[in-house]
Amino acid sequence: MIVVMKPGASQGQIDHVVERIEQLGLRSHVIVGTELTVVAAIGEKRDGTKQALETADGVDKVVPILAPYKMASTEVKKEKTVVRTRSLEVGGKPIAVIAGPCSVESREQILGIAKFVKENGAGGLRGGAFKPRTSPYSFQGLKEKGLELLAEAREQTGLAVVTEVMAPEHVPMLAEYTDVLQIGARNMQNYPLLEAAGESGLPVLLKRGPSATMEEFLLAAEYVLKTGNQQVMLCERGIRTFEDHTRFTLPLATVPYLQQHTHLPVIVDPSHGTGKTGLVTAMARAAVAAGADGLMVEVHPNPEKALSDGFQTLNPDAFRQMIAECRRVAQAVDRLI
Amino acid sequence: MIVVMKPGASQGQIDHVVERIEQLGLRSHVIVGTELTVVAAIGEKRDGTKQALETADGVDKVVPILAPYKMASTEVKKEKTVVRTRSLEVGGKPIAVIAGPCSVESREQILGIAKFVKENGAGGLRGGAFKPRTSPYSFQGLKEKGLELLAEAREQTGLAVVTEVMAPEHVPMLAEYTDVLQIGARNMQNYPLLEAAGESGLPVLLKRGPSATMEEFLLAAEYVLKTGNQQVMLCERGIRTFEDHTRFTLPLATVPYLQQHTHLPVIVDPSHGTGKTGLVTAMARAAVAAGADGLMVEVHPNPEKALSDGFQTLNPDAFRQMIAECRRVAQAVDRLI
Amino acid sequence: MIVVMKPGASQGQIDHVVERIEQLGLRSHVIVGTELTVVAAIGEKRDGTKQALETADGVDKVVPILAPYKMASTEVKKEKTVVRTRSLEVGGKPIAVIAGPCSVESREQILGIAKFVKENGAGGLRGGAFKPRTSPYSFQGLKEKGLELLAEAREQTGLAVVTEVMAPEHVPMLAEYTDVLQIGARNMQNYPLLEAAGESGLPVLLKRGPSATMEEFLLAAEYVLKTGNQQVMLCERGIRTFEDHTRFTLPLATVPYLQQHTHLPVIVDPSHGTGKTGLVTAMARAAVAAGADGLMVEVHPNPEKALSDGFQTLNPDAFRQMIAECRRVAQAVDRLI
Amino acid sequence: MIVVMKPGASQGQIDHVVERIEQLGLRSHVIVGTELTVVAAIGEKRDGTKQALETADGVDKVVPILAPYKMASTEVKKEKTVVRTRSLEVGGKPIAVIAGPCSVESREQILGIAKFVKENGAGGLRGGAFKPRTSPYSFQGLKEKGLELLAEAREQTGLAVVTEVMAPEHVPMLAEYTDVLQIGARNMQNYPLLEAAGESGLPVLLKRGPSATMEEFLLAAEYVLKTGNQQVMLCERGIRTFEDHTRFTLPLATVPYLQQHTHLPVIVDPSHGTGKTGLVTAMARAAVAAGADGLMVEVHPNPEKALSDGFQTLNPDAFRQMIAECRRVAQAVDRLI
């Protein structure tokens, strides 16, 4: 940690900072520059000593040197984490495909789409039973009935079920039906939920919040990892920016950045990331080329009649075409679908 | 709702849209323009019919006309909502001040600061007992012990306690100690939590999420209002932008905008909104001048030793000075502190 | 254009809007809804009639229906524009590569790198002679001397020279040396410059401003097109967002969006778009997979000694590797490099 | 400057960094931490040595310590700069008001409004003659005819004329008619224009670009200051964010931040900053309370008929009311209008 003093800070102020650093159990090192003085604090820990220093008189700012996450970092674990559950494998050579409708709507819908995506290369079945909706007046999901239908689809296809959990107290119930607990973007910093999901022992798919930095995203993952559950997948699904021609802005540089900084596998959701059916396939191809370990895509037998998110959902033909195109790109980057 | 067809949409596509509109129980009205055709859907409801139309072939986009929130709107209730609990009144002529430390740290700390802020014009005491922290390695709060100390401070001062609730299952316990349930920015779209807070019957202070639009913010309030609980306060605490000289960007135009569109009172938090002690007072004055109904401010007997957020916290002298300055501005806009 | 009246607007206010619409030479059409009234203005033009209506009493908002750009639009010209100059072709089946150093620094540097990139598949040579630099204390380019060196490199290699123009009065001088005039991101809305560049008759490479919407970007292109110059290339180079792990956020959905809405070719600059050497290659691959018509990349014989932008510049080996990887992805999307 | 080495950087890499630092004429200082090593470079200059270091092998990042601007800084000049020209004074105890229409439209319009704003407390007259417009199909201003009308209004009222310059070659012509050269937000980083404006010797009003950081804003001012022209005013006019209920987001914390870091006076433009007539007055009050040295506001005799920006323009009654309200707030912060 580097404590930058204001130009003109007094010797007393510098001494005070040195004293505080040593009280915190760190070593200090004063560097007198031509225009100002900085004090290095050696032995930095990841626990918020920063703020103990930045409020001292005469301090301009405190610059942390270490990244604040640890268990998610490639510093700590070099080999890539691979998540495997039923027919889903994320983090190995094959690129995982998790596909399905935004919401589970009926037995016919979910069983039909499950078989279809399975035949077309998917390893996971997505489908919302408990739906977080911006408006209280929107369809909120079939709830437990939806979970039963997902479990039935799993039995028929062998697909791993991926469904969202919205509250800590729902975890035990969901755990009976699902293979992966999804934490939605709105809940990325819902810490009691992260801990409850981690403690279930199930693999967790963590979506990036729309205004989360990489550091915040990895620290959210750290909440799950700290429970002892190492089966965490990170999912980029778009951020909130000024752009208005897409629903969110999908920043694919996240993919190589995360591949360099964490051992956790990285999935991209081009459906939420663009919010427009006509842009999903191109961004799915781009995600594969950027090095993603998986794709999460909304597919519905008839998007026009979907109860949610129809505008960003592929129909079966478009999904089949997307897989065909992504498969070619996957081969070009030495991966498989 | 206005359905805008693509230039060159076929008559069959237009007829299909008309048919869909009528299936949804609305009246349709076709307007043939010089370059393209639009279809108005009359009788629009607030329940997501938008997406039933925007996936139809030949449709370019669907433009909603009505705001999707209702109970929060001045269309539905013209007179301003006033929240009153113990010595706190928000939404009337006086400008409410809710002050206190980021976290409850000790009996001495919280009782001392409570007396001090009470003497200096505050009506509410803030203080975190359950702390959502970005890093799992940061101080997480004193939990129930912190609540007991808050309640003791309330007894001694008459201040209303305002503290954050992080999970639906904590609501009953918190309800024993607090006067206002605060929903933090990270949880603005944690819908089970909004509903549980609403059902407690306690006043709710809802913080804006750092990437929430006004529409999303008001729809989050709508989740609380829908439980029948009308005691909702909105709190602007800054948004996530590219600016890096402040922790968040504090967009004060939120204040007059909300005053025009909702009857709910509006509070501003200049501590989180700037993240820098040296900017808090100027922004508190600006918030009052913009028409805010209240201020929420972090104060600590010794910010340098605070266990969280010291860098944005006022010390007692600075707080007293802030109140003195805000009081003058309040009078200039015909309000009181 | 749809004029949305406020709920409770008076008949007089509605009549006034109708009258204004007709004064503007448009037809009006009143639609009385259940909660409010809207007035359609038919025959909408692209010239700012919007604001003549939105200030009228009783009007809530005005929603334009037509996109404001015209000559850039696929509505007006369906076939793709192809720009060809010397060995550069942008918009056809091959994916164009424009490569070179951030700044021209010396004869040896630019001639060496020009030969190298030519041998490795580039059709255009980038290199700044007049450099817009955020700080007045940074290296500002070799100016006319740099142009002479670029022209010499062109002679030796046949590459098309692409260099930035910063002021209208420089256009004639630059036109003697360059094949393509580049308008930098900072100047995307420098209208006198856009017009002067257009009037030169040279192909123009227009970079997206870091906070420009698609509409603003296409309207900037429209300024060039209006001079009669159709040789315009659009370049996505990243936008300003809250993300801090990259220099800018590179939103690749721009590529398919523009391919659907304009006939102009689309280039991606992964060097500025990420600002980090280690992310450039992955994003170049992703850009190709997303459907880009070209790549613009910074390459320097020794990035560590570059006078500008070394941190985002590839060395020759990394460039060769990037081309090899992009070539495979290009084939997977039926393109060539 | 602090060079942070990657964990596990080799001794050779550290030695190489030390050598580079010394080649650059700086002193180096190696600090070996528990997890990684940092190297301080002492004697840091403001000229881009950063990038000479950040591309070296084994370097993780380089953290500058000094702000890159100098002449704009309070480090260099402590006393506040005051700009005085005709009846305009910016930076002293009175809060300056610069008011007028978006565009000069006619003799009657500009003379009428000039007299009106003069009588109501303005010291400067704004009015565009050369208008930068997003669309080439929008009204582009009366050009030189508009300047003549502004000069006539100045003669009749004594107001200082503030008008925008769009190209370096226009500076001499504008200098005949105007008292202050305005650099618009789109041109904040148009460096030839900044230099030409600086060299005119006229006071310069520099608007913040919608995606400019404080550092970029102050470095743009530095381009003007470097010409020897000290008469620079900074104008906050809103930034581009995800917010869609206002045209831009007006971040008033800019005001106290700049007051602490620069001696240049700070003006706020609540018209562009909100883009909505109904929000202008509240934000003008807030700007005054935050400590602004001036306000820049759009006023038009009949906003509904304005040729540009009517939606954010006050009519004369609203302007008079705004001044009355701001005057009271000004007194509450010991200023005058």
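Note that the chains are named A, B, C and D in the order they appear, and that numbering of residues resets to 1 at the start of each chain.
In the analysis below, a contact is a pair of C-beta atoms (placed from the backbone, for glycine too) under 8 Å apart; a residue touches a chain by one contact, two chains touch by 3 or more.
Everything numeric in this text was worked out from a predicted model, so none of it was measured.
Undergrad: Report back the single chain whose CA centre is most distant from the CA centre of chain B.
TA: C
Undergrad: Please work out which of C-D and B-C is bridged by more C-beta pairs in contact, and write that pair.
TA: Contact tally favours C-D.
Undergrad: Measure off the straight-line distance from the CA centroid of chain B to the CA centroid of chain C, and report it in whole Å.
TA: Between these chains, centre-to-centre, one finds 38 Å.
Undergrad: Using CA atom averages as chain centres, what separation in Å is found between chain A and chain C?
TA: Here the centre of chain C sits 31 Å away from the centre of chain A.
Undergrad: From the mean C-alpha coordinate of chain C to that of chain D, what's the distance rounded to whole Å?
TA: 26
Undergrad: Tell me, which residues of chain B touch at least two other chains?
TA: 211, 215, 239-242, 244
Undergrad: List the residues on chain D that touch chain C in their complex, please.
TA: 46-48, 51-52, 54-56, 68-70, 132-139, 166-169, 186-187, 189-193, 209-211, 215-216, 219, 222-223, 226, 239-240, 277, 303-311, 313
Undergrad: Which residues, counting only chain C, touch chain B once they are in their complex?
TA: Listed in rising order, the residues of chain C that touch chain B are 2, 4, 7, 29, 31-36, 38, 40, 42-44, 63, 65-66, 75, 240-242, 244.
Undergrad: What part of chain D is in contact with chain B in the complex they form?
TA: 211, 213-215, 239, 241-246, 249-253, 255-257, 260, 273-274, 278-279, 282-283, 285-291, 325, 328-329, 331-333
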